[in-house]
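Both complexes shown next keep subunit A, but they swap its partner, so subunit B is in the first and subunit C is in the second.
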Partner chain A sequence: MSLNKNELVDDLVAKLKRRQLVGSSAVSQATLKLLVVVISKNNWSTANQLLTLVKSVGQKLIQANPTELAVGNIIRRVLHVIREEYREAENDKTNTEFHHHAAPLTTSSSMYNLLGESGAAQEEQVQFSHSLRSNIIQEIRDIKIELENIHENIKNQAPLHIHSNEIIMTIGRSKTVEEFLKMAASKRKFQVLVAETAPSYHGQEMALELSKAGIETTVIPDSAVFAVMSRVNKVILGTHAVLANGGLVAISGSHMMAAAAKHHSIPVVVCTGLYKLSPLYPYDEDSFNVTMNPDSVLGFEEGDLIEKVTVTNPYYDYVSPDFVNLFITNQGGHPPSYLYRLIVENYDPDDQTFDL
Partner chain B sequence: MDKEFDVVANYKTLLVESPEISMPVAAIESLVELIKHSKATTMSEFMLSIKDASQRLKSSVRNSISLSAGCDLFLRFVTRNSHDVADFETWKATLISRGQSFVEKADACRYKIAELGVPFIRDGSTVLIHAHSRVVSLLLQKAAADHKRFKVFVTESSQTQGGIRSAKVLRAAGIPTTIILDAAVGYVIDKVDMVLVGAEGVVENGGLINQIGSYQMAIVAKAANKPFYAVAESYKFVRLFPLNQYDLPTYNADTLSFQELNTDHDAKSLEDGTPSSASQTALHLKTAEDQTSQGSNPLVDYTPPNYITLLFTDLGVLTPSGVSDELIKLYL
Partner chain C sequence: MDPKKKTVGFVPEHDINTSDLPSPGSSNNNSTINSPVSALSNTPDLSSANTPLLASNPGSSASTPPASSTQPRSINKSGARSSYEPMKSSYEEQWGLADRASGSQKAHKMASPRDGSGFPKDQQQQQAGKQKEGKGKRVSISSPVISATSKDAKSSGLGIQGSGPASAEASGSSSPAQAGPGGKGPQKPSAPSQKSMTKAERRELQEKQKAEKAARLQAGLPASGKKAAQVLAQPNSGFSPNPTKSLASSFPGVEAEKAIAAAAESTSQIKKREKLTKEIGLFAHLDPPKFANTASAHKDLHPAVVNVGLQMAQFKICGANARCVATMSAFRKAIQDYQTPPNTTLSRHMQTYLNPHISYLVTCRPMAVSMGNAIRYLKYEIGNNLELPDEDARALYLEKIDNFIRDRITMADQVITSLGLNKIQDGDVILTYARSSVVQGLLLAAHAKGIKFRVIVVDSRPRFEGKQLLRALASAGVSCTYVLLTAIGHVMREVNKVILGAHSLLSNGALYSRAGTAVVAMSAHERKIPVIVLCETYKFSDRVQLDSFVQNEIGNPDELVNDQNNNFGHSSSRRYDSVTSSASSAAAGGVLSGWKESRDLKLLNLLYDLTPSEFVTVVITEVGLIPCTSVPVILREYLPMIQQ
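Right after this comes the complex of A and B.
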């Protein structure tokens, strides 16, 4: 392993640890950039070596900040790409040698495999040809392009979902939702209610951005969400991560808003890039949460009070999939029950954990 | 043709000899045994004999759901491979070896499921399980071996007394276990963090066919907002699409039928030692009259997919809609 690469890994690890780099989008792009360097600058000759290499980097990055689920997602995407490229190369080889293919349909996870051959063990030992290396790099570049175009792809669907004179409610500040609403505003006229999202007040920033784009925007206190909900046509949420069951890890307050929407039978739509979709399950609802500095809830000026109370300031909410009606991703709209399909398509079941 | 080989007898001895083996695996094993004994010389004769044997297996037991899952899976495998047969004898040999390796792999399935399911069991949680399921027991044993601290409520399941068997197994693994009445599910649900059940079969829409009582557990769990997880090996996926309880192959006219009020005839037949209705229940009914007034009770019920939170299978943790996807992959 070259020194150069190790330095880059350590650099990203440090940035993640110090929270200099936060937010799914920034984190996933940095991870991908690092992986391109790792794959192209290192010496490896078999698929196994490469997988181990990527996994070891992945482990370090995930340990640095386990709540940034996008890091793991990107690593898994890349691992999946490597496996796919490898399988393709293998298939080409066997086809030219005129081997009988019993069941080309079988994938790595299928009931059929129970009765099929178990040929997976000797896999991944064969030498990589040079074209394979460039193929993998190319595939990773494609992922990068996908990441760059995510907002574009999502916002183009906006006119399908937002109609004239609708009242939309949202919470927090999400770049994806912001672009989505701005795009819709260029075609339609509608109103947006933004919950201010205390104590970070990201909602206020969001409202400012939207009103700059000429959207009729109203800021409401978080406590008024339920009261106003009956007048709303649609709730549009951004999210930090989407879990494998369709649950969300989203800014705190999202659960309350989604529950209020459910009470009034208002559809909840979540705008998210596919890179936020994680194959992990919410084993424990708090496992992906972080608590922030309580200063914004109760500052040190309130010394008398602080002595007597405990202040917590959780940053995220877990929103169960029952509360979500639709996910709008860069690949289109999906109900929560369909997410497992996207996970199967994008990740390999062996990569759930990065145990080496 | 296979006069000397009796599939049904072979199947039954398999189940008796190794209590750890599950019905679909035993079914496939006896079908493999049949192939070994088969003297068929043509393809169609061979296929006919296998189809006939699996039909006989299915009709030999009252509750054929998980058994037919195994038979259908194997038949599907045979037909799928029957198109490019070069040499009949070598093909038969392949089938036999694949069948045998399946039996070995079947065990590994359960371990894989246990591994996938363990993270869902949190420290300090309480789990409610139903009756006895080998794969559920294995999952809980594995969790205990991983030093998770949790408690288990198990329903007695009065029909088979499966709960008592489960409790024995779990206590041996050092898990605090309490047996509750089947009727006490609603009573304990507030103390429970999750419900875990096994399966006889998982149907096409992601619903579940399991020991009677699972459905009401699912309804109670849903009402109390507790997760309801099903644990099943993928060879238990069956191509059924039941629309309600009475849509299952195990349902017949006898099931929960009402007896004639004039019980003279019934009482007589009971004295002969041949109960009129094939009541396989272990209902503790005192008098003969009580017994005969009881229609045949169902052994399994159907839990619709909307009550199931997730399914733990060897193909991964699936949402109910994931099941149909896997079945389509196999039968397309």
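Right after this comes the complex of A and C.
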């Protein structure tokens, strides 16, 4: 193991810990970059070694900041790629030997594993493949390209979802939603209401950006969300992460907006790249939440008051899947009920946790 | 126009405030005359602003300003009760109005706001006469007191001449009633002849002026004659409005032309104002946000009412109960100091006397439902006792006001508190939103009773009213948590009761309250947490509303711009959360500070919202615990009392 690689890992760990690097998009790209280095610069001879290596890096990164679910997602994607590549290589080999091993996709299905022979897992650990390294690196490059094109893929669907003269409501600032709306604005004329999203005021920034793009934007205080919801056609949310059940970890205030939309039977659309889809399940609503500096809620000027009261400033909200009508991902639109399938396609069930 | 027929209607802001806008044609003398007014509207501290206002009353002696300038302070600090004391007998004490009452009583014994005595009027007319002769072309800043009033007296006749045709332009309806006095205008006796008028004649003139003011309001001109004249004079005012006006009065034809030009001018100003506040399509039917101004406060208004109006416009008096009590106490003072003009009786003239006060309050801020109900009650009592001798009637009205505040607000709150106490138990986690005086009272009473509970105060931009509640609770030793509305989903889990205040309960059971209440109630409803609303029955309204659009109030959109000096002491500018590493710096100076320049950016500061009745579990009123769908039933019981 080279020192260089370890330093890179520690660097990213430190950045995650200090929250210098935040946001699913930035985090996932950094993780992927690191993994390319880890895989290409290290000596490994078996698939098993590589899996262990990636898992150990993943463990460190996830421990550094467990709320950045995208880190885990990217690691799992890479692990999945490694397994797939290995199985393909394995298949090529066994096919010539007329070994009736299962197709890659079915191997990853848990049902099959339950009934089929479980010897395959041991087998793969001792196998070796020369072409594996380059194949895996190539696959990771593909993931990287996918990440880079996510906004493009999502925003191209915008005209399919937004019609003329719509009133759209959103909250917080999501690059994906911003691009989505801007794209739609180039084809359609519509209005956007943005909840200002106190105390981070990301909504204000979002509104400013949208108005610069020529979209008729109105900033509303968070308190007016329910009041104006009845005239809204669609609620479009960005998200920090999508959980296995289709629930969202999104900017605080999203829950209230989604619930208000549900009350008024207004569709809630979530724009998200698939890299935000996590196979983890929220056993507690606050599992993936993070509380921020309360200063922005109750300033330190109010010193006498602060001593006496508890001030909470949660950064995220959990939005349960029944509030969401549609996910628009880089692979198209999906209802929340379809997410399990996407998870199976993208991640290996063995990689739920990174226990070595 | 018959002033008695004048209805309490909403007067759009731009009608009143036009003269405060920078107008292209206006010269600097405009600002000279405006100086007391603009100082007033800009000064956040009412007590200082109060002085020129009071001084503009013809008869007010030097002792008046200090006497009542201390008054607003008391109510400022205690917008409503600062602490709940269940058995307080005097509402004035309780609502922090006691010193106001005594203070102004003293003051107005010395000087009546209405012009009863001949002397000041004469003086004023003398001044007016002088100005007409061209000696006092420029109104000096050093004597805003006399100048303002004298101009009032003089220009009120002129104002209406212009407003006859102007009304056709501005409001699109030229009624003969409006045109009538306008036509009479030129024949109006000039200042010297006014001097020799009898008291009755002066009285008549005063009445006419009042009618003219009403006409001006309708015509889309500032309420005070001075302002109206300014607006009218603006298009071709060379140096000062005075010479132009005197000229105009001698040539009615020129006058009419000018009025048309003025109307065009004022509509352009209206457009400017609209552009400034950027109307939002869905809310175009609502009044644009109002700003504190005294332009519409003319000398006939009682200073106590003007005070209250200004404080309401600046949200220094805020909250349905506080606004109602403040209004009623101001009216009480106005009635106390009222002097019956000749040829009428107090009870017959009272309504006419109060109407401009009421419409002034409306120009300051749209009337609260509570105020509307209280005023309706007062009018009902006035209308019911028309045959009483003056002093008996006065005593009766004062008593009725006192009783109303005592029975419908003070005692009602005590009953609600005692009923509410049964609903708070040890270990409760109670969530409340923003600040309601009744909720605060209940929570403090529960704490005083020794119940161990925790309170989560949910607050929201832009007013952060919950901070006040938080401060009161925390200093009483109640264990409190403070969050913003966006965190409602986060905190709602641990809550087992939601207690909310109300601005009004509508007849369809909907709760009309501070914007954000609906979200709180919805979140609670979603988790099957009981939502308890505390509401006095006098806040019940016979209005029916299905959404938050049809009737609502728009606040000043600039409040949403979170720069340092506009954030109610809220430290949003100091943000260290690195979650937004890229964006945090942008927010520091107020992201939206340039919103007026941006073509596509609008801000909506909605003040109220409507909570559907299904979110509300129970309403605690002084008549018991009722479902909110029972509002019309209760309303029927009280209908004869609060409705005319």
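Things to note:
Everything below uses one rule, namely that the second predicted complex is superposed on the first by the 338 of 356 C-alpha atoms of A that agree within 3 Å, B and C clash if a C-alpha of one lies under 4 Å from a C-alpha of the other, contacts with A are read in each partner's own complex, and residues count from 1 in each chain.
Methods note: a residue touches a chain if its C-beta (ideal position, glycine included) is under 8 Å from a C-beta of that chain, and two chains touch if they have at least 3 such contacts.
In this text, all values refer to a predicted model and were calculated from it rather than measured experimentally.
Greater residue coverage of subunit A by touch, when subunit B is weighed against subunit C, goes to C.
In the overlay built on the shared chain, the residue A:P349 is in contact with subunit B alone; subunit C does not reach it. By the document's definition of touching, of the two partners only subunit B reaches A:N245; subunit C does not. Shared-chain residue A:N153: touches no atom of subunit B or subunit C.
With both structures placed on the common chain, the touch criterion links A:Y283 to subunit B but leaves subunit C unconnected.
In the superposition on chain A, A:R341 contacts subunit B only, with no contact to subunit C.
By the touch criterion defined above, A:N48 reaches neither subunit B nor subunit C. Within the superposed three-chain model, A:F226 lies in touch with subunit C and out of touch with subunit B [touch as defined at top].
In the superposition on chain A, A:T312 contacts subunit C only, with no contact to subunit B. The touching residues of subunit B, when paired with subunit A in their complex, are 73-74, 77, 80-81, 84, 98-99, 101-102, 105-106, 109, 119-120, 122, 234-235, 237, 309-310, 315-322, 325-327, 329-330, 332. Per the touch definition, subunit A reaches subunit C in the complex via residues 18-20, 22-23, 173, 191, 193, 196-202, 204-205, 207-208, 210-212, 214-228, 230-231, 251-253, 255-256, 259-260, 263, 285-286, 289-290, 292-293, 295-302, 305, 308-315, 317-319. Residues of subunit A touching subunit B in their complex: 100, 102-103, 105, 107, 109-112, 114-118, 244-246, 281, 283-284, 337-341, 344, 349. Touching subunit A in their complex are the following residues of subunit C: 280-282, 457, 460-462, 467, 470-471, 474-475, 479-491, 493, 514-516, 518-519, 522-523, 526, 547-549, 552, 560, 562, 569-572, 574-581, 583, 586-587, 591-592, 595, 598-606, 608-611.
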